[in-house]
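Can you keep this structure in mind? I'll have questions shortly.
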């Protein structure tokens, strides 16, 4: 494959935006990315669009990206591919754009994640969320919840590792603080550890402020270009390399084996590990990280799953401030899924937007400094989509970007 | 891009199969393709899955391919990408598999089209069909129908070109005859021209037997491999080359221009023309063709749109038998969308399965002979997905395969 | 036609918001709401946010359409569906501003000889169906132009 | 428990077909229906069509599961939803045949001290909700094993 670089990123602010149609979300994200890239819109040769909810909530099936790009962003004629994979949808869209450009077929490709979960009825929203697991497996309709999956997990890990509610709340408070510095984030306000702990218990030990919002809208776009063709399209610099972009679906797990249970409890790290390998860099080289933290516990698990500490040391990581903006490995610098927000189909490209902005030194008040104080040069993204891993349904993503 | 060849194809019979779950449709198609390719299942390194209806009809969103491949076909761990684009969904899946292998990232990729439209409620089925156009455009919910789009078009073209109802019925009767020779087709019986004409008028001049069935299930799988890596995986021969695989979304049309109207009336041929160009072959070289004939009129339009006759000469093409199995350019040899059946998400890969079988000389009773009597060496496929072109929403596909 | 100011069972509600104006009184006229590019003059209905011809940001503005059109093609349909009793006419009309619209036809018998290709048509806001609350759901249809 | 033979309002219907057996009489036992690979012994619940371990065609056969399990982890949930009143317990149990199952817990108070990790559990067919026709919709839950 040819080398591929990111030349433009753009977002529509995430948030509860019931009056903003999805076409407008798409338009703003795409045109922000076009302007950021400094290219003509017509330079975009193909597009990949991730979304999860528009079928269930608005009855828009089959041609979601076509509608949003044609009637929203003004793009027509180019190949458009609609992809779907839960919260990984937009990362998958990005990855397919990367492959399309890497293949030599196109020089410039757009990936767009867009999501609107504030439309539709309550029943439709429940159907949409329930549809991210195997609906024939029987547990749909029982009242089992996603938050329960992670609450049960953290309850176990707290016993196993001695993690405390205080530590969980610290992770959340850090995310809200980072979000308060990010104009595109859902939450524009910092919550204290006490406020996180005192918010309503949803499923013990997870409180409302340790869980991402269910009803949220947003869009995020990323434009990639073949490195060898960059001069032809734009003078925008610096370029950001896609050093690795890995997708796996959940592998076969044999739960009779204790080591399988351990992998699953602590988030299967295989995609991230493969991404490090391809990038020729390890966790010790990373200068920032984005992870899949729909619940704050997931960030603490990710510290170890992504190789930044020994098993169980996540509590110490947060206590020591290592993952704060000023720490040695800042995590979820934009607020993460928890506080930047998690409109599922848009989450993956939002993660990429953030790392790109950090690597370019354009992250404003939340800019991290990197090892040598001149700004970070390399970052890792972990993301996943689909049902919880016991269902063995879904995708695991690992992306390394570098300047 | 590297050269890519098709090494295996497999189908689950199309038809009204309410008691067959989609997992079973997927299993049969995928394993037929695996056996056909003569590879180990584990040799498949990534998969693309097209589907349109499972979200609307079964509430299965986000992870359709993951569910079908993991719990149906037994495949886990590999990257799986769910794609959606109306009746072009499976062609898009095939094309992405072609790009993924062409890029050098993978040697062997699976594309699967799967569809089940016999499940769900009537309201859900209507929502699913209505979702293939821009649902915010306002005409959804008025009672406007897809068949009306093509009925109005053929009514106009009959006036313009002097085409007759008899000719339309001949096209349909040819398709049913071809289907009767195809064990995987929905229709296993030939209808006469008179029977086609005498079936219920749905929307004048289209009768029931000039229109594909709305409720139908099926699946079709295609396995591609890098040409340079074939020896490593399989001894299956002959190989079928992907000589061109083109996707466009519907371009901007300015209906104030008469030439735009002409293009749209007679099916935008741009993807097919580009495919010819890339393949370095024209319509005069083609030895068989598959087109998008959800209504029999579409095949007659395709004769001219795909370059096989002058505008208006489609009636003569069918009268002279040129597109029959024994003709010089056999069309829709497997029965086409009309009679092989059109479970939207599976249609594209079924078209590819048919051309591959014809090129290999494995099409049994419907085998066409090709120019030199030794079997065809090259064929063209046209397909489209999404709303009618006036909506400017959807994708146009053109694929050239050769032996 | 009741215009929706009351809360009674005969309220008039649009099939979809933002696409057309429902006459507010007998003297008022309905119209379709499109968007027009102030750069190239391209007019879209339904409205789009970015001109597909210029492909520049921020050139589209909301505009009223005249409702004048010509009949491009039509079919008499014989299968009833969720919203329409059969037989009925489905047609494409081209607005004088350019857009081609798939639409229901009002005001004529559903017969093949009721219309002529290219004849002048005009837009009318008409009832599509009654919703669950007894409201009249309305949208555009086209009928032969008067005079 | 009425077993669904009648057509009265208290008919018992499964949440989903083919995944479990509903006791037909007080002497009958409910059980989960999985699939077992006759090549490698891998057991799946819910059943799969092809063994994900062997990845060979036609090695899976339907099998009954014992319903014996151990409690892997759990949480007390405080937010009611469409099917459940709060508080309630959601848990993962591992069947003795291998599969890990996300499930509701029956037969105990919804309190953190009601269960111990790793304790033996057993499957019970229990009511999930009442459907629109007044039927009892049932599925599996798990409860602490007796004895």
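For this structure, a couple of remarks:
Think of it as A, B, C and D in the order they're written, each chain with its own count starting at 1.
The rule is short, and it goes like this: a contact is a pair of C-beta atoms (placed from the backbone, for glycine too) under 8 Å apart; a residue touches a chain by one contact, two chains touch by 3 or more.
In this text, all values refer to a predicted model and were calculated from it rather than measured experimentally.
Under the contact definition, subunit B and subunit C share the contacting chains A.
Should one ask which of A-D and B-D has more C-beta pairs in contact, the pair is A-D.
Computed centre separation for the pair subunit A/subunit B is 35 angstrom, with centres defined by C-alpha atoms. Computed from the mean C-alpha positions, the centre of subunit C lies at a distance of 53 Å from the centre of subunit D.
Mean C-alpha positions place subunit A and subunit D at a centre distance of 33 Å.
Averaged C-alpha coordinates give centres for subunit B and subunit D that are 42 Å from one another.
Within subunit B, the positions touching two or more other chains are listed as 23, 70-71, 76, 134, 136-137, 252, 392.
The set of subunit C residues that touch two or more partner chains comprises 46, 52. Applying the touch criterion to all chain pairs gives A-B, A-C, A-D, B-C, B-D. Contact residues of subunit C toward subunit B in the complex are 15-16, 19-20, 42, 46, 52-53, 72-79, 81-84, 88, 90-92, 94, 98-104, 112, 117, 128, 137, 139-140. Touching subunit D in their complex are the following residues of subunit A: 123, 126, 134, 136-139, 141-145, 147-149, 151-153, 155-156, 159, 200-206, 252, 254-256, 261, 264, 388, 390-392.
In the complex of the two chains, the subunit A residues touching subunit C come out as 23-24, 27, 31, 40-42, 70-76.
Residues 46, 48-52, 54-57 of subunit C are the ones touching subunit A in the complex.
Contact residues of subunit A toward subunit B in the complex are 1, 21, 23, 52-53, 55-56, 58-64, 66-67, 69-71, 76-86, 89, 92, 96, 99-100, 102-105, 127-128, 130-137, 140, 247-252, 344, 385-387, 392-395.
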